[in-house]
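Structures follow.
Two complexes are shown next, each including subunit A; its partner changes from subunit B in the first to subunit C in the second.
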Partner chain A sequence: MTQVLATTVVVASLYALLAAGYVLVYRATRVLNLAQGDMMTLGGYFLFLVATAAPGEPARAIAGAAALSALAGFLIYRLLMRPMAGHPIFAAVLVTVTLGILLRAAIVLVYTDRIRHPLGLLGLANPARPLIGGAVVSTFDLFTVGAAAALFAALFLFLRFSPLGIQMRAAGEKPLLASQRGINFHLVFALSWALAGFAGALAGILYANNVRLDPSLGVLGLKAFAVALVGGLDSLGGVVPGALIVALVEVLSVRYGDPLLADVSPFLCLLAMLLVRPWGLYGTKEELERV
Partner chain B sequence: MRGGGYFKTTYAADLALVDTRLRRRALAALVFLLLVLPRVASPFILDLVAQTALAAVGALALNVLTGLAGQISLGHAGFIAAGAFTTGLLVENGLRSPLIALPAAAVVGAALGIVVGIPALRLKGLYLALGTLALHHVVLYACAEFQNHWGANTGVSVPPPALGPWVLKGVVAWYYALTLAAALTLALSVNLRRSRAGRAWMAIRDREIAAESVGIDVARYKVLAFVWSSAITAVAGALFAYHRAFVSVEAFGFFLAVEYIAMIIIGGLGSALGAVLGAAFVTLLPHVLDAMVAGLRLAGGAAYYLFPLKFGAFGLLMAVFLLFEPQGLVGIWRRVRNWFALWPLRYRPLRSAS
Partner chain C sequence: MARLTRLVALLTVVALAPPAAAQYRIGMSAAITGPASSTYAPTYEAYKVYFQRVNDAGGINGQKVEIAYEDDRGEPQRAAANAKKLGEGTILMVNASTSATYKPFMTESESEKIPLLFGGGVCPREAFPPASPLIFCSTSFGSKWDSRFALGFIKEQSGGKKVKVGFAAQDIPLSRIELEFAEQLAKEMGLDPIPVVVVPGNTPDFTPFAQKLKDAGAEWVLSWALWHVEVGVFEALQRIGWPGRYLLYGHQQTQDELARLKAPSLHAFGGNTLFMENLPIHTEITGLVKGQTTHPPHYMAEGWVSAMVLEAALKKCGWPCSRDKLAAAMAGVSIDTRGLRGGSIEWSADNHYRKNTYYKVYRWDPARSSIVSVGGWTRLEIK
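Moving on, here comes the complex of A and B:
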C-alpha cells in the first residue's frame, strides 16, 4: 500500500514536470505544444552531450543541459511559433507536431536510436532507498519529487510576486490589453517557451538518469498531456492534483490490471474528464468557448 | 477553363460533375491512362499507385470531417485500426468474404463515429483534437487486447479476399481494385460536398453560430460528419488489412494519424483533389528520397541514416507547407491555372484573401 502511494507520487512528479510545460505554453499562447515530450527527450540528450564533453561533473552537466534546453525553447518560439501568429491555432498545433518529428529525427541522426545511460558518465549512482512503511524508491525518484516541488514553488513565487511573472499572467489572460499597457508579449511568450523547455529538460534529465535515454521517450509527453487536461489546461495549480489522479490510476492499473491497460489509463482519465468537465478540475470554463 | 463568358443554361449542365469539355477530356484521358498503366508500368510503380489510392481513400474520408465540417481529428489512425481489426476479427472467426467484412467495417466505423461524435458536440477545436487523440489510444488498446488474446501475438494474418472462385491476388488486380475504391470514394466525397449535408458542414465550419441561426441542426450534422468520415475510414482500414494480408497494432500508431493530417494539409484543406494530391505526395515522398539517396551512391553507412532522414524530411515539408503554403498543393495548382488562364494579364489576389 505504501509502495503504491510512493510510486504514485514519483510518477506524478514526472508527469507534473512535463505538464507544467504544456500549461505554461498554453496559458501564454493558447497553443498546445505536442512536442513537449520530444523537448523532454532533447533535454536528456543535452545532458548526454554535456556529460560526454566533460564527464564526472554532474552539477555542471545538469545545469548546462537545462540551460541549453531553455535556449532551445526560446529558439523554437522565435523560429517556428512566432511566424504562426495570426494563423489558426490548429495550424500552430500541427507545427508543434512537426517540431516533435524534426527533433526526434535530429536526435536519431546524431545519436542513433541506441539506449543510453548517462548516469555512469556523470559518475553518479542510483541506489535504492527504503522509506518508512516498507516502500522502496530509487534516489533519482526522490530527486524527481524534489525537482517537481521546487519547480512548482519557484513558478508560484515567480508568477505571483515578480514583475515579469505578473506580466506573464496578464499577457496570458488578455494579450491585447496587456500589449496596450506596454507589456512586450513576444518576450513573455518566448519566456514561456523557454520555461517549458526548462521544465521538460528537468523531466528528461531525471528520467534519463533514473531509467534510460532513447529517442522514443517522447511518448511520455502524450500521457503528461492527459495530466494537463485533467488539471485544467490553463491552470498551473491544477497540474498537481491532475498528476496525482492520473498517476494513481496508472499505478493501480499496473497493479490490478495489465501493462496495456496502464498505458492507456491516462487517456481514459482524459476521456472521462472531457465528458464530465471538459475544462478540467481547475481550468476556467470560458476557455472552452475561446478555442 | 472556368473563366468569364461561360454560363450554364440547363439544369443538367448545372448538375453535371464534369462541366466543361476540357474537363471531360482531361477526365477521359486520366481514366484511359489508369486503364493502360498496367500494360506499360513495372509492378513496383503499380504497387505505388495502389498504395496511393489506398491512402487517398483515408485522406478523402478525413477531408470530409476536417476539410468540410471543420472538426479536427487526431484519431484517424484509430478508425483505420478499427476497420482493419474488424476484418481481422471476422477472418479469425471464419467469415472471410469481403462482402461481409467491408460492410461490417463500415458499420463499426459508423458506430465509433457516433461514440466520438456525440461527446464532440460539447468540445471545440483543441479539446476535440484531444478527445479524438484519447479515443485513438483507447481503440488501439482494445485492438492490442484482441491481438494478445485471440490472434497470434504479433498480429492477425488475413487471407486475400475471395468472391466465390475469384480471388483478389497479385499486383495488377490490387491496382485495379484500390484505384476503383479510390475513384468511388472520390465520387462519393465530391457528391457529399454538393449535398445538403455537405453545404451544412461547410456552413458549420465557417461560422457555427451563423449556421445554427439559418436553421442548420448543428448537433445532427456534426455527428453525421463523424459517422460518414469514420465509416469510410474504417472501410479504408478493411482494405488496408486485405492489402497487407496482415494486421498488427504497431501499424496504427499516432504517426499514422499525423501522416493523414499531413496529407490533407499538404494537399489543401477542404478540397477532394487536394486530398488525393496530398495522399500521393506523402505516399511517394519516402520512395523519392530512397531513389535520390540511391542515385547519390553514398558510402556504406548511409543506409542507416536513411530512416531518420526520411522522417525528418517529412516533418520539414509539413512545417514548410503549414508556414508558407497553407492552401497546400491545390493552392499552388490554382495559382498556376489562373496564371495560364489569365495570361498575358495578371491577377494578384488580395492579401487578406489567402
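Moving on, here comes the complex of A and C:
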C-alpha cells in the first residue's frame, strides 16, 4: 500500500506541474492552452539541446532549459496569441492546437523520433530511494515531488504578495476594473504564458531524466488537462487535489483492477466531476458559465 | 521540302533513341513519423541509402529502382490512403509500419493482385505456411515463433525448473495476442505463467505495472512490445528491487540501451546481429550510411535485410517485371544475409517467412564491461 501511495504522489506531482500551466494561462487569458503537453516536450528537448552543448553540467543545463522554455512561452504569447486579441476565444484555442502540432513536427524534424535519455549527458544517475514502509521511488521521482511542491509554494507567494502577482490575479478576476487601474494586460498575459512554459518545462525536464524523452510525450498533457478540469480550471489551488484524485484512481486501477483502465481513468474522473460539479472542485461556477 | 526533311530527321532521331528509362516502380508506406517511428523510420532510411547505391551502380537488370515513399505515422486511416496511392502503377508494395496499418494494405494487395512485402513490421500470419500467394515478410521478428524461442530460452536458463514467468504486453492488439499466446504456451512447456499485464504505451509511471508483476512472484518476465514499454517496465522492476531476470525483444535500440542500462539481468533476444560484433557487413553499412541517415548505422539492419531481399527478387524477376512475375520470383528467393541474420532467408511457394529462423540473445556483462551474446544462434525450423 505504501508503494501505491508513493507512486500516487509522484504521478500527481507530474500532473500538477503540467496542469499548473493550463490554469495559469486560463486564469489570466481565458484561453485553453491545448499545447501545454507539447510545451512539456519542448522543455525536455531544450534540456537535451543545452546538455549536448555543455555535457556534464546539470545545473546549467536544467536552468538553461527552464529559461528557454519560459522564453518560448513569452514568445508564443507575443507572436501568436497577442494578435488573437479581440477574436473569439475558440479561435485562440485553435491556435494552441496548431501550435502543438507544429511543435511536435519541429521536434521530429530536428531530433527525429528517437528515444533520448539526457541523464547520461548531464552526468547524473537516477538511483532508487527506499522510503519508510518499504516503498521505493527513483531519485528523479523525489525531484518531481519537490519541484511540484516548490512551484506551487512559489506561485502562492508570488500571486498573493508580489505586485505583479496581484496584478495577474486582478486581470484574471476583474479584467474591466484592472484595466481601469492601468494594469498592463499584455505584460500579465505574457507572464502567464512564460510561467506556463516554465511549469511545462519542469515536467518535461524531470520526466526526460526519469523515464525517457521522445516527441510523443505531449499526450501526457491530455491527462493533465483532465486534472485541471477536475480541480477547477480557474483554480491553482484545485490542481493539487485534482492531481491526487486522478493519480490515485489511475494507480489503483492498475494495482487492483484492469491495468488497461489506467489510460482512461483520468477521463472517468473528469466525467464523474462534470456530472456532479461541472466547475470542478475549486473552480467557480461563473467561470464555467462564461466558458 | 526543308520542313519535311527536318520532320523526317526528327522522327528518325526519336525512333533510334533508346527508350525512356524504364524503372522498377515500388511503393513503400512506413511510420516515418509518429509514436512508433523510432522502430520503423530506420527501415525507410535503410531503403533509401540501399537503393541509391543500387541505382548509382546502374540499377538492376539495367533498370533503375524507383521507390515512392509515403508516411503513414502508423495510423490505419493514413495507411488506407497510402495503399490506394501506392497500389497504382507499382509492381510491389512494401509496408514498414505498425500492425494497425496491415489491413488496408492486404486488402489492396488482394484486390489489385500486387505483391506485398512486410519489411520492418512484425510478420503477419499470411506470410507463414501455408502462405498467401502475395504476402511476403523479411522482418526478423514473427509472432508465435518469438514466444516459442523466448520461452525455450527461459526454460533452458532456469535449468528446466518450473519458474514463474510474467508477461508485460502493450495495449496494442499484436503485443497482447502474442503474449496471451505465450502465456498459454508457457503452461504447455511446463512453466508457471502469471496472467499478462497490459501496459498503456503512454503511462506516466511504469511502477504500478512492475509492482503487479513483482507481487505475483515473477522470476522471469517476458516483454514483446514497443521498446519504450519493454524497457519502461524493466526499469521500474529494477527500481523496486525485483530480483528476477527480464527478457525482451531487441529492437533497433538494443545496442544503445543495453550499454546505457548496464543491467546483467536484462536479456534482449532478436533475429539481427548487433553491430558491436563488427562483422564486415556492419562496417560496410556504417560506411555507406554515414551522413545519409538520421538514425545511427546499427539501426539499419532490419531495413538493410529487407532491401537485400527486394534486390534479389527484382534480379530474379528480370525485365520487364510484372506483378505476377515478381510474386513468382519472390516465392523462390534465397539470400545470404552476410551475417546480419543467423542464416539465409529462403522463401518457397508456401512459406513466405523463411524456412529457418534464427535467434540470438544479448545482455550486458559487467565483468567485461560490454555487451555479450548468451550462446550462439538458435535455429527454429518454420513448418
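Following the convention adopted for this analysis, the second predicted complex is superposed on the first by the 290 of 291 C-alpha atoms of A that agree within 3 Å, B and C clash if a C-alpha of one lies under 4 Å from a C-alpha of the other, contacts with A are read in each partner's own complex, and residues count from 1 in each chain.
The rule we apply is simple: contacts are C-beta pairs under 8 Å (C-beta built on N, C-alpha and C of every residue); 3 or more make two chains touch, one makes a residue touch a chain.
This one's a predicted model, so the numbers in the text were calculated from it and none came from an experiment.
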Discussion item. One more residue to check, A:177. First (subunit B), second (subunit C), both or neither?
Written reply: neither
Discussion item. Taking the superposition on A as described, I'd like to know which of subunit B and subunit C A:91 touches: first, second, both or neither.
Written reply: first
Discussion item. Quick check on the superposed pair: does A:260 touch subunit B, subunit C, both, or neither? Answer first, second, both or neither.
Written reply: both
Worksheet item: Given the touch rule stated above, what does A:14 touch, subunit B (first), subunit C (second), both, or neither?
Response: second
Worksheet item: Can A:154 be said to touch subunit B (first), subunit C (second), both, or neither?
Response: neither
Practice prompt. Figure out whether A:108 sits in contact with subunit B (first) or subunit C (second), or with both, or with neither.
Written response: both
Worksheet item: Does subunit B (first) or subunit C (second) touch A:216, or do both, or does neither?
Response: second
Item to complete: Please indicate which partner A:53 is in contact with in the superposed arrangement: first for subunit B, second for subunit C, both, or neither.
Response: neither
Practice prompt. Mind working out whether A:79 is in touch with subunit B, subunit C, both or neither, as first, second, both or neither?
Written response: neither
Worksheet item: Which residues of subunit A are in contact with subunit B in one complex and with subunit C in the other?
Response: 105, 108, 112, 260, 263
Fill in: Of subunit A, residues touching subunit B in the complex
32, 80, 83-84, 87, 89-91, 93-95, 97-102, 104-106, 108-109, 112, 222, 225-226, 229, 233, 260-261, 263-264, 267-268, 270-271, 274-275, 278, 288-289, 291
Fill in: subunit A-touching residues of subunit B, taken from the complex the two chains share
72, 119, 122-127, 129-131, 133-135, 137-138, 140-141, 144-145, 148, 254, 258, 261, 265, 304-305, 307-309, 311-312, 314-316, 318-319, 322-323, 326
Worksheet entry | Partner subunit A, residues of subunit C touching it in the complex | 33-35, 37-38, 41, 171, 197-200, 202-209, 211-212, 227-228, 232, 235, 238-241, 253, 260, 294-295
Worksheet entry | Touching residues (chain side subunit A, partner subunit C) in the complex | 3-4, 7, 10-11, 14-15, 105, 108, 112-115, 117, 120, 128, 136-138, 207, 211-212, 214, 216, 219-220, 223, 251, 254-255, 258-260, 262-263
